[in-house]
Amino acid sequence: MQTSRFAGLVVALAMTAGIAVGQAQAADTIKIGFIDPLSGPFAAVGQSGLKQFTFAADELVNKKGGVLGGTMLEVTGYDNQVSAKEALIQLKKAIGDGVKVIVQGNSSGVANALTDAVEKHNTRNPDQRILYLNYSAVDPALTNEKCNFWHFRFDANADMKMEALTDDIKARADIDKVYVIGQDYSFGKAVAAAAVDMLGKKRPDLEIVGNELHPIGKVKDFTPYVTKIKASGAKAVITGNWGADMVNLAKAANDIGLDVPFYTYYAAGNGITATLGAAGKGRIMLVTEGAANPAHTDAFRAYTTAYEAKYENENITQFRIINTVQMLARAIDKAGNTNVDDIARALEGMEFTTIAGDRVIMRASDHQLAMPIRIFVHTDENVEFDMDNSGFGLVEERAVPVSAVELPTTCKMKRPS
Amino acid sequence: MSVIATTGAATTRRATFRRLAVWLVSAAVLLILPQIFTSGLAVTVMNQMGIAIVFALSYNMMLGQGGMLSFGHAVYFGLGGFFAMHMIDWVDQQLFVFPIYLTPFMGGLFGLFMALVIGSFSTRRAGTVFAMISLGIGELVAALSLILVVFFGGEEGVSGDRTTGPGIFGFNFLQDIEVYYLIAVWVLVAVLFMYLFSRTPAGRMANAVRDNPERAEFVGYSQRTVRLISFCAAGFFAGIAGGLFAINYEILTEQNLNATTSGGVLLMAYIGGIGYFIGPIVGAVIFTLLQTVLSGYTDLWVLYVGLVFLATVLYVPTGLTGIMMMHVPAWRLGRLRSLVVPYLTMVIPVAMLFCGLVGLLEMFHYRNGAPTGEVEMTVFYVTVDFTSPLPWAVFTALTLAGGYLTRRLAPAVAASFQAATSYDAKGSSA
Amino acid sequence: MTEPAIRLRDLRKNFGRTEIIRGVDLEIGKGTRHAIIGPNGAGKSTLFHLISGKYEPSGGQIFLHGEDISGKLPFEINRQGLSRSFQVTNIFPRMSVFENVRCGMLWSAGYRYAFWRLVDQLRDLTEESERILEEIGLADRRDIPAGVLTYAEQRALEIGITIAGGADVIMLDEPTAGMSRSETDQAVELIRRISEGKTLVMVEHDMGVVFDLADKISVLVYGELIATDTPERIRGNKAVQEAYLGTAEEAEEMADA
Amino acid sequence: MFELILFSILNGLVYGLLLFMLSSGLTLIFSMMGVLNFAHASFYMLGAYFAFTMSGYIGFFPALIIAPIIAGLLGALVERYGLRHVHRYGHVAELIFTFGLAFLIEEVVQFFWGKQLQDYRVPEVLDFTFFEMFGNAFPAYKAFMLLVSIAIFVLLFAVLTRSRVGMIIQAAITHPNIVAMLGHNVPFIFMATFGVGSALAAIAGVIAGPVLGTGPAMAFELGTIVFVVVVFGGLGSLSGAFVASIMIGLIQTVAVALDVSVSDFFGLFGMSFSPDDFLVDVWTITLPQIAPIIPYLMLVLMLIFRPQGLMGKRES
């Protein structure tokens, strides 16, 4: 007994002392802090994002000589465990490590916390400012009432995506009944509200036969929901569901035999495509930026091939990460120094041609990247780059141009003098 | 064994002085700490520790002191925090004037109120029934927090600005270091009051009810009321911790009251040792270090925390504090020095075992997610090629040798420990 | 005539269909030492549990100092001045011996659920607890956890907790069970001292103890009282002797005593 | 509406019987050892993961047998080297141990299989529509789940009421001390019970994995619901667990079908609320919206008003 107690003590103490699985620290780099989940239930998405960032920084910037004539970009992961509290701690940690630019994307809740914290930090510590590049959090508020000078969004916000989605529905006269289902939290509600609003304007004839919220992450079997959707006679379903809620919804639809399109935001990659498999074929539509199948440019084709060769089980799931890295590098070069305010000013209004050939603009008024949005379909036919090594992937069905998805903003940007 | 307290006035006064000295020293340490750990991260981590200390101690008012195992203590932490956050917002909107630095008290009152409401039915029974009710309430409140947007702000939560209210001594809490001192004061006050609570009739009877609820009823106490009082006090101090959280982070979200936070506080209290007043303090400090610092080094940190927790439950149910306290008799007897050599002989094998295990785990983990073609990784500042059998062999050998030596040496160390702490050994004194 | 300390009127208790206490009427006068005896399974402990509030009566009434306490909760009954010990040691094992005794007196000393007073500063409590520790002979065990005391010491502590609150009705459930002869003698002396001027009700198997201490004895057989009388008369009571024939040993003991 | 409810009831049964497979094991363990096993659903998860990996090599049906056996053996080891050790520190320590174990198993699963959802699919032989009802397909795999659940239920019932082992177990449930006196090897019985309980959970995992998803969060998601079932049904009561499983299965599915909101309810009494009301969130809550959290509400209410549960005899 005493023995084991003692052994326990030593192990515990040794662990407290800190396990050193250290990373080498290169000198003279510009540090980018990647603050997203690296452990816990959402770690898969975070880990994949970190790889995509590191790869983009290495391939597209560092291998081409870096920025400012030879300074390299260094991406470091900070585990925020998708918690606002941890994100703020990690932000402090990153600042302590000399990070100038933070990137984050998973969860609008965390994004709201971070943008708030960054603004406060920058106001309270003018000599230690940091830049926040949001590559995936889509809450419209971030570039509207909550906008600030140091926040830039490289993903299309939820309203823009809904604009694209409803444009697609507008073009399909066969869809006269739509069912909206989502997770019961801000994003799910925002999707529902935007869908009702925009469909009402674009298709007054169309009937919304169901508008439903379910608790997030608590529903084990979606069969009753799908049964209800089927009974309503809906011709299309709109959902903002992600993760297991998305997969289970699609599986239940397949089981019941609900053969209508599902317009989704997050139904691909990180195991979801593989899990959906045949169950989602032709049924799951994904509204997102980017360009997967077929690749629009050789450059993007080569890039994707190289990435998938390096990481066997990974895919380019977040095209916007490439834009984020490239535009940041260009802004640093344009600013000519690493002053955060200068970089931010350089980013404002920047016009850029993406690796896939799209023209995008970082709007100065609200720091929202104006970009085309595409509707993809989940299928195993004509797939150039599949996902999760499943044979299934996303094939582009339709592209909605920038002009159609540009929305006015309520942002009143306060710029530092 | 004739250590009877000679309750002379002099002894009492000396005891009182000694007790006072503990608090004064603690205050001094809290004052000096930021001079030693000056980095922004250190201050951030210390702020978090302060919040965790109050929260974990409040939890132990139930588990350790009152024998109530709760799986939903975050509810009071979170609700107190949300209320304090709204207070800060109301001050910001100039609905009324209230000093921000006192909002934790309001958070505490709200936590107390909610504890009173929920405790009125949940404390009727202890044991499994209480644990299950706390679990159910925790799930309900967490789920409702996403539905009731007006109060909880949905997924984004509620945020505000702590700097707008009337300041104190010229502090407006613009910088984290100012918040540090605010938290330090609150921690000191809250810990003092939690300690004093344990010394009141209500606090003593909480221990009695924990030990033997039936007997407590036969000396005039309703076990339910005793539990309710502890529960409310725990809710109050959890609410204070929530209020501190609101000031420090300026945001509260659903995560502050969900099962993860509730589970975390149980881990903290238990690893630290629920049988001692200071146990949860130790646990909160260590858990915060693991969560914020270790997580920067390895993705596997949660696995390590799980291993430490399970090892604690299995082998040291008295927690880390219990291990320290085990040595008090040896210290009293002046034999602590006799343990130095045996402990040192253990250091090497245990370190070997530890390095070997961690190395194997880390290599296995890294290999799973490594990019194609990359075969190198860094373990313990050494770069290794995980495709070659050599590092695997080295770490396996370290594990096995360390494990073997630990087992071999353990009885001798245990024997020296026995000798050092046993009263019957030669020169028995006191 | 003054109101008796305890009065039972047609008290009944059944568990399911099994009747354990079948209509007991009893008066226990103020200031008397009253023993309840009877063969195993007669329902003595159940009777204790009924009076002290651990069990709720199925029928009948219990009066403490003339007030109806039937169906009240243990702590309510305790607050009205009745304190009891247990047959199986029932202490606060992780608290110190001193604290065990102090817990016994917190309520009656008027401190109730106070969370604004510090126990260590309550001189009266400390002194009174230490006095009781002296009385039960555990003064030198003051600061060790009660759980590590020897059996006899725990029995003494059990009594200490029971009397700490200064209740005027004290019920002891087999206070000397499992003790050696010398330990029993000490316990008897202790009980005699602490019950001075109080009403004592006890269940006891040791006839020596019973006849030594009791002013009055009630005999309970199969849930019914067959006799209540002074020790001398009980000894000569035919019905009692018959009842005890089944358990010869105790009958002999009774004759010896 | 009628067909919607009927179909929901059928699905509710599938889900309810699955819950029973989990809750029966948990109940057995609780009855014998007095331990509410927090890690029970972790064995459900292990079952799914084992079967997922094995079915790639030996096929689904052999995995259906072997995965639970391995999980059961693991369970027995946990009892032997973990729980038995902690037993001396009391029930609270045991509860905390199983809590820690659940936490650790989740991490270990992520360590070996990663953090992603696993592509654990319905076996091809069962991947077809069994029948159609009012235009809704009922997949063959669900029928298979129903069949396995019922088979397990019947088997369990038969073993408990007809066999010698069952007699001992039943005796142990009601009079744990007496069985020890009869000379049965109680530690072994404990270990075996824990193993069998874990294996039952693993079977549930094997068959539910392809339908409800196989990922690191699956244990936690279902674990609390199973807790609700056993506590609601009455700790230590198999029949209570059965009734509660079916009830919760049905409530969760049927509630979804009924689109009623709080304001609809008050509307019955002629009350209405403005959308600007401070409590607007409360008035607009609908039954489907809260369907999955109804069980927790039921749990809390049951514990308040009848702590021994629906059919339980003892409290803790």
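Letters are used for the chains, namely A, B, C and D, taken in the order the chains are written, and counting of residues starts over at 1 for each.
Throughout what follows, contacts are C-beta pairs under 8 Å (C-beta built on N, C-alpha and C of every residue); 3 or more make two chains touch, one makes a residue touch a chain.
Being a predicted model, the structure only gives us computed values, none of them experimental.
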Original post:
Can you list every chain that touches chain A and also touches chain B?
Top reply: D
**OP:** Return the chain whose centre of C-alpha atoms lies at maximal distance from the corresponding centre of chain C.
**Re:** A
Original post:
So what's the Cα centroid distance for chain A and chain C, whole Å?
Top reply: 73
**OP:** Can you check how far apart chain C and chain D are, centre to centre, with Cα atoms defining each centre and the answer in Å?
**Re:** 48
Subject >> Gap in Å, rounded to a whole number, between the CA centres of chain D and chain A >> reply: 35
**OP:** Quick one: report the Å distance separating chain B from chain C, using the average Cα coordinate of each chain.
**Re:** 44
**OP:** Send over the residues of chain B in touch with two or more other chains.
**Re:** 143, 147, 149, 302, 314, 369
Original post:
Among the residues of chain A, which ones contact at least 2 other chains?
Top reply: 43, 47, 184, 215, 218
**OP:** Could you please write down every pair of chains that are in touch?
**Re:** A-B, A-D, B-C, B-D
Original post:
Touching chain B in the complex: which residues of chain A?
Top reply: 2-12, 14-16, 18-24, 38-40, 43, 47, 51, 78-79, 81-86, 88-90, 92-93, 95-97, 107-109, 112-113, 116-117, 120, 124-125, 139, 141, 184-187, 189, 215-216, 218, 309-312
Subject >> Residues of chain B touching chain A in the complex >> reply: 39-41, 43-45, 48, 143, 146-147, 149, 154-157, 159, 161, 163, 174-176, 245, 249-251, 253-256, 260, 271, 286, 289-299, 301-302, 304, 308, 311-312, 314-316, 320, 323, 326, 346-347, 350-351, 353-354, 358, 362, 369, 371-374, 378-381, 406-407, 410-411, 413-414, 417-418
Subject >> chain D residues touching chain B - in the complex, by the definition given at the top >> reply: 36, 82, 85-86, 89, 91-93, 95-97, 99-101, 103-104, 107-108, 110-111, 114, 220, 224, 227-228, 231, 235, 278-282, 285, 289-290, 292-293, 296-297, 299-300, 303-304, 307, 315-316
Original post:
Where on chain A is chain D touching in the complex?
Top reply: 41, 43-44, 47, 184, 212-215, 217-221, 223-225, 227-228, 230-231, 243-244, 247-248, 251, 255-257, 270-272, 274-275, 277, 388, 390
**OP:** Report the residues of chain D in contact with chain A in the complex, numbered from low to high.
**Re:** 1, 3-4, 7-8, 11-12, 14-15, 110, 114-119, 121, 129, 132, 135-137, 139, 141-142, 211-213, 215-217, 221-222, 225, 252-254, 256-257, 259, 286, 288-293
